[in-house]
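Next, two complexes with chain A in common: one pairs it with chain B, the other with chain C.
Up next is the complex of A and B:
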């Protein structure tokens, strides 16, 4: 839950910097592309999380992975932090 | 606090000239090169930071960028200067040389830009300057692979400029003509005289001439310039 909270907070923070308007209620099933954050905003989210958590799971993976929903995005970070990234 | 600029291929030639001018203009300079030169060591006494890195090791670039940002903070600018220029006709150039040239001249700058523009995105401000060459557009016997890498760099520059402009980051190229550096040391005698003769200014551009264009692109005055190439060749392609 703590990780999800961090990601939510960071999402709001970068949305503000990137001048993007997030939708009101982001749930596990929210499709990332419909969250209100644009593609550059997602790059900022990954960059800020790398600074805060010290990991960039997408660069660590051997294959390209694009999470579709918010829950999938959180799951990628959860797996990477647990050292259990199955794509490595 | 002075702005941090990362310069690749900093140990000699144009990279070294860029580092010198950046220090004179009070930027904080982080010089990347495989090995440290005597000149770079001297510049360290004036505040330059040196970091040993072999950019042909592409797999290590993500970790390298992460370490640089952690150790020195978010960069204001990246100068992609490191390059090799093997001279030889394509038909007999070894495939390993083609590979290593493309790795260092185009893949490494793309990856460095990818990872170092992230902190620039968070700052909503930054500069990327890619060092191209007039060869990208003029062609030169024996430099076809080098030319391909530089033309690729110019194409990369234009599209990336469109991608990150919204975040206050500019991306440009500086395309020097022939300069008397170690890289062009094979250009001697009649060939060298012919290049000088064709230049309207009757001389070659110097590394300092090209470095000045880089400094300009980093300045506030160049805030509205992005996605373009500044040619510094003493007019030889005019």
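Up next is the complex of A and C:
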């Protein structure tokens, strides 16, 4: 839950910087491309999360995975963080 | 031979443009001939075309190539034109000119090295050199995802027309709408920037398209994206394109690997010679220079500096970015100097350095390091600078982050050191 909270907070913050109007209620099933965040906002979100969490799962993938929904997005980070810890 | 003559000669008996109503090749030719009759005064004149819709634009290209002396393709209406150029269709008052038998010159705008766009002349022959015709390419259904007034979009349009394929305008700011259009028109061929491919993948619906031809261009194509697309469409042709608008040439890489083979250096490939200098710049030698004004930029062996930084990694030549430090945000070029000038207009900013940071989503993002006075805390300053940038700059030029720093490194001449972030771009 803590990870999801961080991602939600960063999302709000980035939406402000990118001047994007987020939809009111972002749930697990919200399609990212319909959340109000455009491609620039999405790029900023991934960049800011790299600062906050120390990882960019999308740059580390051998075969890139492109999340469609908010839950899939969170799950990509959860898996990347878990994988990273195992390797260390 | 002009574009119209080429299409009259091939005489395709099929649909050329799929829109609300389908337009066949023979209809296109008839409409173009009608346009020439409608505007006899434009013969031998220099005219400018902007993009409204695919049918009108394509007809105008067919009508006015081989009819007018010059075609300026306007990417936006604010761009300055030479004095004698007539804007079609708004203004069609012609001046008297001496007719010449020269082929039409096509002018395309490039962002130039300073951020001020400049016009580069091309010929239809040089622009159409890359177009391939085969039974397979004739059966394709292309999605137009770029503006056809720019080099990349024009290449897609010419490829589709010259091979007798069908093309549909699928440009939309909304990715879901794009995919819907592509599904509606059963698109089988797409040329797009890596950033746009990533967005199309994010819809989760790309695999519903029966893609046979996948082309990436306008940005550096990375291996994970190439692998993803190759895995999703194992039977389709997968190309990434390198193009230099200035040199008017490019080449395609078909082996599904990032960069291009080292073996292509110092020998002729796709009518082009390639070499790398001591500063890691890629130099190109086109069969002929598109614009005589470039002659002074050519070295004694006939090569032109592409301004692209490359590195040799094992048996590949890998692209690292622009030597000038120009930032490529999802295919949009951002000149750091321009953003710095805007930041320096803000009273709190003493020094500013703008550069690109690698982004797994858009290729690169704009980052600004700022030396500021201490009248605001960093949060407030960031908000103020954002508002300032939002008023003065295009969206893709906005810094994604402001780092407030105590000083900025300058080089021996007192200029901000602007060495391209080679290491980061490479990763």
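We adopt the following convention: the second predicted complex is superposed on the first by the 83 of 88 C-alpha atoms of A that agree within 3 Å, B and C clash if a C-alpha of one lies under 4 Å from a C-alpha of the other, contacts with A are read in each partner's own complex, and residues count from 1 in each chain.
Definition applied: a residue touches a chain if its C-beta (ideal position, glycine included) is under 8 Å from a C-beta of that chain, and two chains touch if they have at least 3 such contacts.
Computed from a prediction, not measured in an experiment: that's the story for all the values here.
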Touching partner for A:68 - first (chain B), second (chain C), both, neither: second
Partner chain(s) touched by A:42 [first = chain B, second = chain C, both, neither]: second
Touched chain A residues, chain B compared with chain C: C
Partner chain in contact with A:34 - chain B first, chain C second, else both or neither: second
Footprint overlap on chain A, comparing chain B with chain C: 17-18, 40, 43-44, 46-48, 56, 59
For the chain A and chain C complex, residues of the former touching the latter: 17-19, 31-34, 38-40, 42-44, 46-48, 56, 58-59, 61-64, 66-68
Interfacial residue positions of chain A with respect to chain B in the complex: 14, 17-18, 40, 43-44, 46-48, 50-51, 56, 59
Interface residues, chain C side, partner chain A - complex: 173-176, 195, 198-199, 201-204, 224-225, 227-228, 231, 329-330, 357-362, 365, 386, 390, 395-396, 398, 400-401, 427
Partner chain A, residues of chain B touching it in the complex: 62, 66, 69, 115, 118-119, 121-122, 124, 163-164, 166-167
